[in-house]
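Think of it as A, B and C in the order they're written, each chain with its own count starting at 1.
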Amino acid sequence: MKKAQLFFLITIVLSALNSQGKTIRVGSAESVSQIKQAIAMAQSGDTILVRAGIYREGNIILQKAIVLMGEGYPVLDGENEYETLTVHTKNAVIKGLKFINTGTGSIEDKAAIKILDSENLHILNNQFENTFFGIYLANSSHIWIENNELTSEAEAEHQIGNGIHLWKCHHITINENKIKGHRDGIYFEFVTNSLITNNYSEGNMRYGLHFMFSHNDEYRDNTFINNGAGVAVMYTKGVKMINNHFIHNWGSSSYGLLLKDISDSFVTGNEFVENSVGIHLEGGSRIQFRENEFTKNGYAFKLQASCDDNVIERNNFQQNTFDLVTNGSLVLNKIESNYWDRYEGYDLNRDQVGDVPYRPISMYGMIVERMPTAVLLWRSFLVFLLDRAEKAIPVITPENLKDNLPSMKAYDFNK
Amino acid sequence: MTRVIRYIFNDILRTRFILFYTGFLLLSTFALFQLDSDFGKIVLSLLNIVLMVVPLVSVVFTTIHFFSSYEFIELMLAQPINRKVIFLSEYLAVASSLCMAYLIGVGIPFIMFSAGQNVISLLVIGVFLTLVFVSLAFLSSVLTRDKSKAIGIALLFWFYFSLIYDGFVLWIIYTFSDYPLEKVTLTLIAFNPVDLARIIMLLQLDISALMGYTGAFYKNFFGSNMGVLFSSSILFLWAIIPIYIALRIFHKKDL
Amino acid sequence: MILINELCKKFGKLTVLDQVNLNLSAGKSYALVGPNGSGKTTLIKSVLGTVRPSSGLIQFNGKDIANEWKYREQIGYMPQIGRYPENMRIGELIDMMKNIRKEVKTVDEELIDDFKLYKIYDKRMHTLSGGTRQKVSASLAFLFHAPVLILDEPTAGLDPVSVEILKEKILHERRVGKLIIITSHILSDLDELSTEMVYIFEGKVQYNNSIEALKEETHETRLNKAVTTLIKQKELLNSITEHL
């Protein structure tokens, strides 16, 4: 609702600006050959149209309410030394440009586009190659970052910055971007009331998505695949994570979704496939986990004892090595009506709900968590017997941890 | 020698036991296909059968066969053939008939439902386990003159490798959990053909179980060409060494 | 033809054969007699090589048989109990045996014909009666014209007609100059079939001479009487030596 309103408003504002302003063309064949020169000439409401070509102008600074637009993806080359574009303005559009080879460095966070203390910007359809930071926002609000493509090929974490990096922002929309090979794909710190949708974050060194202290944000339909350590979110409340895909985040300390100190949030309709750990929840309170698919994970759900009042309901657990492990004996969470493919109970009254409770915790899962080497005995007869015995008479797994209404059939969430 | 093997082989193929065994495998494989549509899951369930049933059937059938052929072996020994030839003929005939029963019982349903690469490994693993446990059963058969004692020893081999040994490994892991145990466990695994077979299959089917640093270590090891060579040659040794010892004993044995 | 020199066999602490010395020559037929557990079967198995002697020497045509197998081409053996792979056909069994001794070009199928086994070539072993199996065993033993025949209880379980056929065959083979070793509890059979008598008791050869000589010594005309007298004499002798 809010987004639609804002978008409407901005469209009106922009079209109004456009109709008023003039267009300055930049290119080797034009009278203006430098972008810097064009910006200097421009006034509020003007459009700068950059023709295809390579522009090596060091650090370009934009402080005017204009439209900076590329045609045929003109290249802004930072020559491995400069930050290519620094923005500090209200009401501007940056569109159709290609940024390459920004400078790197650990002291200064050099970015392809750095946006400081700005408002009402649209960053659309740009391409980023071999940039240290891709899009860097600080202290800004009402920014739209859409349809950008960011690709880097760093070999180690310290050689590279984040793809889309936000610090102290609010009301941001990040939609349909592709981020590959950065440190963190999307990084949020102190970012509130923002919307992250339809992004594709693959093969980043550290996290596909990483946020801290970022309340009341919503993440929808994003895909996080093959990232070094998956997705990590910490110290936040009021998060909505809906219909995202967490796929193949595989490694010794890798998580599909790592949740630490999160409260009053929703994790719904997501898909966790082939992760070392599907969800790792630590210090979580009042989170609703509903209608998620957990498939082929090492551990589908690691629920630490420090969590309370969470609800795990109507999820599908299929082909995971271990469905659920925990490290304590206290059960303060509600686990109900899930589908567990290991469930062997019966349903006499045919209401699709199993008549005997299911204990999702595997004793062997707990053993492996403590002694990872023991995984070598997985699927041996010994382990089979141990698990059977433990299911019959729980000794080391918490007795109350059970799903009282296990579903007989996997849910079909596509309906 | 080939005709001796052929006739013994043909004889065994007609025994009710082998027919039951083939039927049992066929039935369970078909049943699994009916119960589940996921290919990987079917192979995993079959893996359990293969790891338990194949060794068990191999040891029981081999010892029973050996003792019911005792008089025949004696008669053969009165013929102008080398003892080694008779013994190896028996081994090859028993092993190949059990392998054939296995390949038919598990292979045919998979061919009908069109098989993947995993199935080929499952078939190879099953054949290896058959060879190993037939070999062990021949060893227990020549260790004693008493049929029930021999079956006892053979079952002990089976029980030891499918359960007791793993308990021992788990105990070591538990006791020394503060130390890096990857290489130690790797060595321990090599001393149990059932574990070895299981790990080879896990690497192909249930990769999600091999998580964390330890999992990565095993994956790197067994996934490499060296690892494949290592594990298959160890399994091969497991088939060769017991039958070699058995042959040595049989050569000097009074019948 | 077969020379047994100081042969000893022990199973653990039990001495089954104790310094056995025998010289078995072609053209003669030996009756191997002794009570149950006296070591007859062990002696036969030692000659066949299925039992390995603890000490002593067995020579076949002047050659030590230890670890040898080629000499068994010269032996036709009929076991006491003929048990064969259950699902093998008679024809297959005979074919397999022929295949083992490929070098024998002309086989002696007289017994197969006389027992009419060719009619039941297709039958599987487990369907056969004990007597039929004995016939198969006998036929196999005579099949390869072997110069030495070792027959362990050959007539046990056979019907009277077949017994006569088998006896005729044995006598015929004796006449053509073969070495024949027979163990049997039916002493009247041995009377007809054998010329020599080897009596074994507690692993030792107690008597080894021709049957004629035995009869003379014991003043008996029938072998069974002669053997009983022999045993009584031995027992008497033993009890005296024990008392001394």
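Note that in this section a residue touches a chain if its C-beta (ideal position, glycine included) is under 8 Å from a C-beta of that chain, and two chains touch if they have at least 3 such contacts.
All values derive from a computational prediction rather than experimental measurement.
**Student:** So which chain ends up closest to the centre of the protein, judged by Cα positions averaged per chain?
**Tutor:** B
**Student:** Most remote chain relative to subunit B, going by C-alpha centroids?
**Tutor:** A
**Student:** How many Å are there between the centre of subunit A and the centre of subunit B, using C-alpha atoms for each centre?
**Tutor:** Centre-to-centre distance between subunit A and subunit B: 48 Å.
**Student:** Which whole number of Å gives the spacing of the CA centres of subunit A and subunit C?
**Tutor:** Centre separation, subunit A to subunit C: 90 Å.
**Student:** Roughly how many whole angstrom separate the Cα centroids of subunit B and subunit C?
**Tutor:** 42
**Student:** Which subunit B residues reach two or more other chains?
**Tutor:** none
**Student:** Which residues of subunit A touch subunit B in their complex?
**Tutor:** Those residues of subunit A that touch subunit B are 250-252, 274, 276-277, 296-299, 319-321, 370-385.
**Student:** Quick check on the complex: what are the subunit B residues that touch subunit A?
**Tutor:** Subunit B residues touching subunit A: 38, 40-41, 44, 47-48, 51-52, 162-163, 166-167, 169-170, 173-174, 177, 181-182, 185, 189, 194-195, 198-199, 202, 206, 208-216, 218.
**Student:** Give the list of subunit B residues in touch with subunit C in this complex.
**Tutor:** Touch list, subunit B to subunit C: 3-4, 7-8, 10-15, 68-72, 74-75, 77-83, 252-255.
**Student:** Once bound in the complex, which stretches of subunit C touch subunit B?
**Tutor:** Result: residues 11, 45, 48-52, 69-73, 75, 77, 79, 81-88, 92-93, 95-97, 99-101, 124, 150 of subunit C touch subunit B.
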